[in-house]
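Data first, discussion second: the structure below is written as structure tokens.
Order as written gives the chain letters A, B, C and D; numbering starts at 1 within each chain.
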Amino acid sequence: MRVGILTGGGDCPGLNPAIRGATLRLIRDGHIPIGILQGWKGLVQGLTVPLSEERVDEIIREGGTILGTSRTNPFKNEQDLQRLLDNYHALGFDALIAIGGEDTLGVGARLYAEHHLPVVGVPKTMDNDLGGTDFTFGFDSAVSVAVEALDRLRDTAKSHARIIVLEVMGRHAGWVALYAGIGGGADWILIPEIPVDLNAMCHYLQQVYHGGKHYGLVVVSEGVELPFAQTDQPIVLDDFGHVVLKERAVGSRVARYIEEITGIETRDAVIGHIQRGGPPTVFDRVLATRLGLKAAELVSMEQFGSMTALHGVEVVAVPLTEAVRNLKLVPYDLYEEARQIFQRLVLQPQRSGAV
Amino acid sequence: MRVGILTGGGDCPGLNPAIRGATLRLIRDGHIPIGILQGWKGLVQGLTVPLSEERVDEIIREGGTILGTSRTNPFKNEQDLQRLLDNYHALGFDALIAIGGEDTLGVGARLYAEHHLPVVGVPKTMDNDLGGTDFTFGFDSAVSVAVEALDRLRDTAKSHARIIVLEVMGRHAGWVALYAGIGGGADWILIPEIPVDLNAMCHYLQQVYHGGKHYGLVVVSEGVELPFAQTDQPIVLDDFGHVVLKERAVGSRVARYIEEITGIETRDAVIGHIQRGGPPTVFDRVLATRLGLKAAELVSMEQFGSMTALHGVEVVAVPLTEAVRNLKLVPYDLYEEARQIFQRLVLQPQRSGAV
Amino acid sequence: MRVGILTGGGDCPGLNPAIRGATLRLIRDGHIPIGILQGWKGLVQGLTVPLSEERVDEIIREGGTILGTSRTNPFKNEQDLQRLLDNYHALGFDALIAIGGEDTLGVGARLYAEHHLPVVGVPKTMDNDLGGTDFTFGFDSAVSVAVEALDRLRDTAKSHARIIVLEVMGRHAGWVALYAGIGGGADWILIPEIPVDLNAMCHYLQQVYHGGKHYGLVVVSEGVELPFAQTDQPIVLDDFGHVVLKERAVGSRVARYIEEITGIETRDAVIGHIQRGGPPTVFDRVLATRLGLKAAELVSMEQFGSMTALHGVEVVAVPLTEAVRNLKLVPYDLYEEARQIFQRLVLQPQRSGAV
Amino acid sequence: MRVGILTGGGDCPGLNPAIRGATLRLIRDGHIPIGILQGWKGLVQGLTVPLSEERVDEIIREGGTILGTSRTNPFKNEQDLQRLLDNYHALGFDALIAIGGEDTLGVGARLYAEHHLPVVGVPKTMDNDLGGTDFTFGFDSAVSVAVEALDRLRDTAKSHARIIVLEVMGRHAGWVALYAGIGGGADWILIPEIPVDLNAMCHYLQQVYHGGKHYGLVVVSEGVELPFAQTDQPIVLDDFGHVVLKERAVGSRVARYIEEITGIETRDAVIGHIQRGGPPTVFDRVLATRLGLKAAELVSMEQFGSMTALHGVEVVAVPLTEAVRNLKLVPYDLYEEARQIFQRLVLQPQRSGAV
């Protein structure tokens, strides 16, 4: 079989080990792996590259994706879709392995369901919010970068007797913030799933700070909604006179709020794009390798319309639709478990009228 | 309740986060955590230290154990056992949290079963071979150090066109070797659970080497038994004239074997004690924190004779005896899964009479 | 002698090893080292802490400063100055070791010159722009963090076929940008010392991008002045209705400029506070240790009004005034040397009228 | 000009950045860079590979050498030398850039002096013992790996209340041990240049250990000569019955000596080959880039028979013979400077007749 492999969506550590795992197993099973460049866009445009053992052998330690990636969704444009289908046949493909997140796998699911393309998916998201799998690769690497940042910020917070707020990835789900906050020993964690109580947080931080700790660390998901509207939307014109939408920086707003309420000097930091690249952690290397390997096995078994997933210590197949049906959110109980660590003091009752 | 916390056996990354998790939760629940120094030895000798939020707050990023550790087994000596029991009462303990591996938890299980001491266990082993839990903390850190070593050795192996054999921890189980081999992209993995076929390995390495790769990486568990007796046991006298038992270095023997059979220059490396210390990975920080936290909860619930464990994504309680009943070995299927990656070429049939 | 040690200004990796070096040598020479908390502020307020071998032994691997720091300048307030002088005598000090940058050492120089306080300085700045010494500690650590970020951004830039602009520290001098750009293999480096030619940069990036590289990396010092006024100053109101001065983000402006001119998707990243903390690199540990050690030696020799400095491979004493006289800027020749690497293609002549 | 570039001797971090620096500058100057594989052996056998911007652009972050390396010395064999000279002309070379240590540069110096080959050298050694340059690349990376190992060993030494001896590279010079010992906060450092006083060391370690520290770290260069003969040379037969010369393991001998004399449990660790590979530190990336760049410049200026070197903050040219004339040893004064840190207590007088 000629099997196309593509990676879509934002890059993250583990894509290359997954490509490697799928490629090596396909070759071993006698198939011909072919790289499709830049996600679904590459199939629309017919961009391919051969994949061999030599090409993939050492990429297990490399971040990013050797196949390139894009956010192209061929279902947004009838013509793109037709070209994709034409190319699929013209290039002689017998199956596809799509490695990506909700969008990429969603396209795969529709191609399988609506156009009978034999697709197998491999789930990927740094946010860990894809359903159907215990963990996605990229997540452990993202949390590791965040915790390393927290370790560094702790030194500065202590030296300057400050509170520092770190904003991390997580638009819809707070997995990265939660794990980074536990692993980095934060004093408070804000995630999108749990209603924000800024006053309780400020009260707690004050108590901890003045109780002898003299610094504090807060982790906040980028997707947290603050319980008040930003009083004014900044209008920024760039150097060309264009109006620029100021990107949401919830961490910065939280930091200013803490400083205002507590009177303690507070700064914020954002990791941003630095979090995406870099060599995958070992957890992600092993997970991605196993998921890629399993995807190739599913191709060999012609078990299409499925996706590889981690259940406990096993890698299994689940329907491709599971990944895209529901976001996997942080359950309330897990947040409460974490709270027993980060909010390690029982709050003293607040004096009335004051925070 | 006055709750003693101790760490026993070899040190490993995650002990401090586990101490921290248990301590913070105990304080939160209104208990008094007390550190017992140097494992069971500290209870035999009555060595304790107070544990407070301040003392444990920042140790989440520290390797080793702030409580010290030892391999003392009080059941080996009637007098020690009696002193331990006397001290337990004299120091006013109401419960114990024992963090350790097979030996430490085995003592805990007997103290609970035979002497009715209220013990809760937290499992720890870098080798990941304890039963009753999916993973133990220390393992991810150990594998990470091993994979970093493999990444480095790959550079040297390529530059010098050599095969390099890395010997890693794992006396009875090959978990570290298996995960390090997958995550580091090794060309062959030898573990104690699977009968060693050195000739198949040499044949494969030759094929890969001369097929264009021009180097090779092999990972071997320290506990692998080679299929032939060492022809002569070295007798080494040290600088004081004492006979020294030469430590087993299976990696070195494997390297010499490969060189002899394949004619390819082969070297070996051992990580040794460097693998034990160092800051825990995030995976281990979070796992250890959760296991410590849960242990404190079990104390509060007076669920003694139990041990905290990871099942899938949940931290649960299992009987303390489960940890010590059976070694958790690498299952055959998992090794075969790994083989599809490391032995990525299908072996060509050997010419008769030759390797 | 009773010798006060203090750290002032922004925290940076190496402060703790410098404190350690000075402390250990002072004790060895029979003096009594005393920590002054939070820089000059601590002397104004009389905040001290004892320093012993035990306290400092292990801080060689810790970021930040165990003494805390502040930016307090006692010369800004007559009363503060008097309290500082009073405390100096009341606390029985015989000498001071001040570890800090231009501001901290400037205070030290004036205390020595105008008030005859026996001060020895140890230079510190992540920006490496202090005169009188080849390198300051903190610099190698800062560059290392920046290069690690560049390594990560490269993965993402390649995967998405983008240009990424990294803004790094350096208000007045471009040392961090220059070294990070060389060490991280950037395609262009912008520093404050060299007039910015954005069009030449854009032209070059286009040529490299379309010549087959398909991505690009640019490093820019935070202190670079762009050759045009920002067309409009954003007015931002925070959640309390306060007007917030939007911090300069030159990297973001450069990224938007590149995208506008070249048509290539361009993103920016900033390291920010994450760059300050964290364990010092070995270069910084050794340098800081040696500088601290030498400072104690200068105290023993009563060679006050001086500062320790690195000249080649030697640590020597220079007048304290040298550190604060002139900023040490990147010389033109060094930038040109770097340009031979980053601008590795000779630019093809531009077509007239176009970039 | 057609310029051959080769790397010889043991691989070390920085070789790739040096190749990159030379290649990019050569191309910029209009020359044609050609890679010679496996050091001088490649010129003997005529093995070459083209070098382009694309090939070298990203290797700045890679350990090892893309050109491969060997220890072949063509002067050991008349025929080899003749083939080398023949190939030099047959392949149309106009100049050579040789990157390597004493042996590789020694060959280059003789080829220049005796056979008028236009050779420029770039010095490389992890041991930092080459004359004519302040530092060689590879050294900072080697020390960084050693210090990371010490940081890890400290955790274990503390947890188990042990002394741990780390053996590091350095056959003739103690630079790696000295810098690692300072940067890692060791309690004693043994280097080849300074006569070993094991009893003073043991006495000091006992004093520190029992004075409250309860652990200890010692760093020893592999090249240290112990002041007594090993009482018996082990004779080891390998699995094939061959006599194997047991490699010197001075760290292990030192550890056993300490344990015997002090009665404190003592272990040893060796880094070995793991120290050679891995990505270069930023210091080494920048140094290697600058040295490679300068070598290309010397070729353009036809300044043959010279070697690039670091003097202070400048990269300069020195005669190629300087590198190979004298080993650069650790000066006595620098060791004494270090001693003021590692031997931070003044030794109490020993009781007569006892250690």
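The working rule: a residue touches a chain if its C-beta (ideal position, glycine included) is under 8 Å from a C-beta of that chain, and two chains touch if they have at least 3 such contacts.
What you are looking at is a predicted structure, and each value in this text was computed from that prediction instead of being measured.
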A correct list of chains touching both subunit A and subunit D reads B, C
Return the chain whose centre of C-alpha atoms lies at maximal distance from the corresponding centre of subunit C. B
Pick out whichever of the two, A-B or B-D, is joined by more C-beta pairs in contact. B-D
I'd like to verify one number: the distance from the centre of subunit A to the centre of subunit B, where each centre is the average of its C-alpha atoms, in whole angstrom. 30
Where the centres are mean C-alpha positions, what is the separation of subunit B from subunit D, in Å? 32
Where subunit A touches two or more other chains, by residue: 151, 154
In graph terms, nodes being chains and edges touches, is this line, ring, star, complete or other? ring
Which chains are in touch, pair by pair? A-B, A-C, B-D, C-D
Would you tell me which residues of subunit C are touching subunit A in their complex? 7, 11, 13, 15, 38, 62-65, 68-70, 145, 148-149, 151-156, 158-161, 164, 226, 228, 230-232, 234-241, 244, 246, 253, 256-257, 260, 267, 269-278
Provide the residue numbers of subunit D that touch subunit C in the complex, in ascending order. 20-21, 24-25, 27-28, 53-54, 57-58, 60-61, 134-135, 140, 143-144, 147, 151, 154, 179-180, 182-185, 212-213, 281-283, 285-286, 289-290, 293, 311-313, 315, 337, 340-341, 344-346
